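Next come two complexes, and both contain chain A; in the first it sits with chain B, in the second with chain C.
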Partner chain A sequence: MSLPTITRLPSARLLSSLLLHHQHHLLLPSIAPLTVPTRLIHAEYRRPGKPKENLWQKINIDFSKGMKGIKKNFTLLKNEFFDRWVGPEGKPILEHMLEQNRVVWEFRGPESLEHWTLSSDREVGGQSEVYLKLGKNSNTCFLYGTLNCTPPRDGETRYSGYCTMRSKQPLASFDRKKHHDWSSFNTLHLRVRGDGRPWMINLATETYFSHQKDDIYSYFLYTRGGPYWQDVKIPFSKFFLAYRGRIHDTQHPLWVDKVNTIGFTLGDKANGPFQLEIDFIGVCKDYAHTEECAYEMYKRNPEV
Partner chain B sequence: MNPYVLATLLFSLGLGTTLTFASSHWLLAWMGLEINTLAIIPLMAQHNHPRAIEATTKYFLTQATAAAMLLFASLTNAWLTGQWDIQLMSHPLPTTLASLALALKIGLAPLHTWLPEVLQGLDLPTGLILSTWQKLAPLTLLLQLQPMNSSLLIILGLTSTLIGGWGGLNQTQLRKILAYSSTAHLGWMVLVLQFAPSLTFLTLIIYLTMTFSTFLTFNLNNSTTINTLATSWAKAPVISSLAPLMLLSLGGLPPLTGFMPKWLILQELTKQDLAPAATLAALSALLSLYFYLRLSYAMALTMSPNNLTGTLPWRLLPSQHSLPLAISMTASLSLLPLTPALTALFTL
Partner chain C sequence: MKCARCLLQLQCLTLVGQSARPAAQYGTLLQSASSSQLNVLHKTQHQVLRRFHGSPACAKSRPVRAEVINEDNKKGDGSLVTYDNLFEQVTKEAQTKATFIKVVNVFLKRDVRRRGHVEFIYAALKKMPEFGVERDLEVYNKLLDIFPKEVFVPVNFVQRMFNHYPRQQECGVQILEQMENYGIMPNIETKVLLVQIFGLKGHPMRKYQRIMYWFPKFKHINPFPIPQQLPEDPVDLARLSLTRIANDRDAKVIVYQLPCTDITESGEEVTLPHVIGIQSPSQMELLAKHNPSKPVFVEGPFPLWLRKTCVYYYILRADPTPPEEKIEEPYDPERCFFYPLQLDLDLDRDMGEEESFDVEDLDEGPVFAMCMTSRGDEATLNQWISGLQQNNPILGQVPTLFRLDAGPKELQGAADSESGHDHHQRPDPETQREERQTEKEIVEEELQRRSRGMKQ
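On to the complex of A and B.
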């Protein structure tokens, strides 16, 4: 006797409609599942109202892509192996010791924009827009868009309106996490041209516990609106520790030997267009600056 | 930290190690190790910085794992042989397991990966306690274990010297360099453990002296990276001239003290017909020597770009007591002629 073959199970809607009409008479096979899952991969929480996305259409399975990946990873591995013989971070020790300035991010071509991720409150249902493109003569990056502080109507969000650009985590071969080691430097140096709006610079360092995942060191960047470029130097000691926008009670100095990402956020509650042009982001060593942390911790409780 | 709390913790550290020294029962020895671990945890976490807490957590997890393995090994030994004496462990299984547990405790390769990260998260004085005092108790137990599996100790030793050398090559953070140096030196100690335990003890004491002076030098200069070490000429010129010699002593160059253990160990290994192991160990010492040489170069042979606008710090009164540093630096530079006396002194 041949086993009954179930080639296609009826979809959930059909079954539920059947159930409604024939609640007492329907006999479903007890071994088969009630529904066929239409989405096997759950990417992230889908807010109500957001359109369902079919992830299978986005995945690109291609042999040439695989070969490119293998080549890239093995090249990175080979470089890591041979850079060791040159010196720390692939530079000779004298060069490492003499280094006082380093340009970390520079925008000289379209591939430099791939190191940056944009996001705005559109992800949570708001209406701000943010775009990134290369500036004139491919010399700068141009972050622009519109800030809209109308909160999304989902019944739980009260405030909204933010746009941010964040650098991607540097990766070593085979997608292992790598960190920026800025321990020879103590100041962040940017050259920007803004429109007068106050931005926040966020530095995310490597953390260990899962509850520290969103620990970010922030400071402010006040831009002038003029046509002239602005050189901004912020010592790392000025950055304060915050978690998801809430400032920590106990402040710690920023340890720059494992920096993961830098980000620029705009959230100044002013509706309207914005733009920020960045020439370069670098780090430098200011020998005259000896402060380790700008925020004193006062003793609040009797010391044990 | 409150001085009473600090005193309690330091006394507990001393108590733990002394308990382990004085015990012949595995449980008492394990208890001493646990007291050591628990006493140093608040010392490591006192600054409350996220990286210090991370280092403390990693340290606690590895040490607890090692202690659990050690307890399991002693339990297995008690089951198999019916007694808990440390020196009468005669079955190879618990001996190997205990050796591996103690290797994890002290940071021998391939169980060394926790050590650089943990040392990096600590300040220099706590790192000093971790690198020196915390090695005493586990090494005492290793010294008392009967060698069952001779190749295990040789493999641990050679791997440690090689990985200690290679791992430290491109570090710019001084604490990570000292962590890899610790692994390398412990490798030398363990290489000769089964042939001449007195040499292990001698190497340990000399390593403790040299590491003590290194940490104190870095603490005095308040330097944690090679770049800040390079500006130490303005802080204490005498130390800047002696510290390179001390670093070369760590690297095992004659006529400094650090040459003594390496020479005696190579001699012993050759006598035991382990010439290839001796050659490999000697070659791996070159790797470690390279990064010590790099530190000496940065400290003494370069004038770092530095525009000090105020009074040079060496003109001002010293802020730290330097007597312990003076004693240990003298010891780590000039004890080579006393080799016969020291060998006789440390013969077990």
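On to the complex of A and C.
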């Protein structure tokens, strides 16, 4: 009498647990791409000692939000469909072929600031602050704040002190990923006004494997300071591949047709206020520049 | 191949060192015939001991201070050894490179086997900025020299395959990383030491190779270089920063007032701040063309960072001319005889598109001059304006407004705490009020003028 009950119980429990597990697996992929595409694949950096967040609390089920989403996504879909008939990216083919300059980001009102995300070392427990607002004539963006290099006292973090502005990933209809296609250009063109601090420009491209998601192409942006604007042209070939602040041993040319985001990072270890004013961020074609990649690719560095 | 050559050199060095050592001993013996014998004994004993895993780099210099060693030995006995202690004992004395190296030598003398060297190196790395040696390559090499030689070099393939002595390798990488963070390029001595300690293919060696690959590439990448040592004199510093931001070879730096301390008749000390301005011919031209009925503004302070110091500058500017008042100046055809300055071609889109931007033409209005001063109140800046008036007579007719509270507020707040040499004072609230009042008045005047103009 007792034996079958014993044997039955675990099996039932096993089954239920299996079922639960299964449900979880079934549910996740169906919801994940629509709401938080990257979070579920890769957990964000969680500070040591910080409690785990419940993902389900963040999800907001609202009818009006749903309607808005439907409207937005279907207009995007319509545009995508009809733009093809005009030409690539909704431009006539002649214009597309003759294009030499393109302004990708400009700042014309408060809604243009929504394309950007800010982050600072607050996320790892630091004390830096970063804010973004429109410039005086509301046609520039003004990034300001204070940098503080004091590392958090958690016993693990060794360095601290960075502030970042990063553009958001462009999305097509139904939150599919879209990429900036700059294959007809070879130079990044910025017009900035800084306060003499060096910045870093980060270009994140689409990657094949998810473990490459922190592979970022970086280059330096030196500002002169003073009341005058400064035109900066950086060829894409100069960007070097780095992973979480460490330069890769093998370098690759940037995938110009699959650029996801652009970012500006400050981390020059000088405590104090900073400011950077950006007029526009664009790309241009420099015919004099033919370099593919500025770093050796024929050998691994350091050689093995 | 280079490494092999280095190793060869190194072996030669060791040979030379070995052959030189006895000679040196004899020398000391001969010399010390007059001095005390004890000291000699002590020295020879030490050298004999140090031959065990000794390196030639270390054998070169060895200042001996017996009292320090004894002290440390006493304190270190019987308790858990914390290597911060060693440094903190010295902090009571002067914190210099000499004392830092002395502490390292004390550690080297303690134990032949260098027990606890990894912890000591970590402690030393942490203390380096305090001693002001964080930019000294020699000190880093000295720290690397603490590692016992040839112990951590993998000898067979199994050791080579796995992470051989991981703690020590991490520590070595940490030294190199700190060098990297301070922008110090390792030299051949560092390489020889690393090869001796960790072998040709250890992680520290890889780190060294990476640094040596990337550092020269990025060495002269800054188009606006700043000297490593900024000038101490505030006047020189202001000169440097003003020429930096003006970005014009023709711009002239004028010192309106040098900093000086006067004692008045009543016995009060009056410190006069320095006032240094810069103006280029094109800016003078712009100012001469300025409509005298429109006011010009003195604005500031704006921050400028030169490496880790922040200085503040003030600018003289005007509001942008409205588009209806802009006069298109015709090109002078005789300005250039070689090619036409104006072309009227009907080309397709993009071919005739303007690729150059006028840097001086700001959206916020033209900038006429810039200045730096140690005291940012209205009286000081007035001095600058009156100095400017000598070269720009138009400033006598143009109303000048002081908008010193302009700009982000947190910049001003930080000005007091941040800059050591630039004591900026906030404008008094009363003067601010006055300014605002004057501004209001002038705005009213303008309005009246405009209305009159409308009537006329």
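Definition applied: the second predicted complex is superposed on the first by the 235 of 304 C-alpha atoms of A that agree within 3 Å, B and C clash if a C-alpha of one lies under 4 Å from a C-alpha of the other, contacts with A are read in each partner's own complex, and residues count from 1 in each chain.
One rule holds for everything that comes next: contacts are C-beta pairs under 8 Å (C-beta built on N, C-alpha and C of every residue); 3 or more make two chains touch, one makes a residue touch a chain.
Everything numeric here is computed off the predicted structure, so don't read it as measured data.
Participant: Considering only touches as defined above, state whether A:243 meets chain B (first), chain C (second), both or neither.
Facilitator: After superposition on chain A, A:243 lies in contact with neither partner.
Participant: Of the partners chain B and chain C, which touch A:288 in the superposed model: first, second, both, neither?
Facilitator: In the superposition, A:288 contacts chain B only.
Participant: Is A:253 touching the first partner chain B, the second partner chain C, both, or neither of them?
Facilitator: After superposition on chain A, A:253 lies in contact with chain B alone.
Participant: Look at A:230 in the shared chain and tell me whether it touches chain B only, chain C only, both, or neither; answer first, second, both or neither.
Facilitator: A:230: touches chain C, not chain B.
Participant: Mind working out whether A:183 is in touch with chain B, chain C, both or neither, as first, second, both or neither?
Facilitator: first
Participant: Go through the superposed model and pick first if A:88 touches only chain B, second if only chain C, both, or neither.
Facilitator: In the superposition, A:88 contacts chain B only.
Participant: Pick one for A:100: touches chain B only (first), chain C only (second), both, or neither.
Facilitator: Once the two structures are laid over each other on A, A:100 reaches both partners.
Participant: Once the two complexes are aligned on chain A, which partner has more residues of chain A within touching range, chain B or chain C?
Facilitator: C
Participant: For A:136, using the defined touch cut-off, is the partner it touches chain B, chain C, both, or neither? Pick first, second, both or neither.
Facilitator: Second partner only.
Participant: Both chain B and chain C touch chain A; at which residues?
Facilitator: Residues 98, 100, 303, which sit in both footprints.
Participant: Quick one: in the complex, what on chain C touches chain A?
Facilitator: 206, 209-210, 213-214, 217-218, 221-224, 241, 244-247, 302-308, 310, 313, 315, 317, 348-351, 353, 355, 357, 359-360, 362-364, 367, 370, 408, 410-411, 414, 418
Participant: Could you pull out which chain B residues touch chain A in their complex?
Facilitator: 2, 5, 48-51, 53-54, 57-58, 120, 169-173, 224-227, 230, 294, 297-298, 302, 304-309
Participant: Show which residues of chain A lie in contact with chain C when the two form their complex.
Facilitator: 95, 98-101, 136-137, 139-140, 144, 146, 191, 195-198, 220, 222-231, 247, 249, 269-275, 284, 295, 301-303
Participant: Please give the residue numbers of chain A that touch chain B in the complex, ascending.
Facilitator: Residues 84, 87-89, 93, 96-98, 100, 181, 183-184, 207-209, 212, 215, 250, 252-253, 255, 257, 287-288, 303-304 of chain A touch chain B in their complex.
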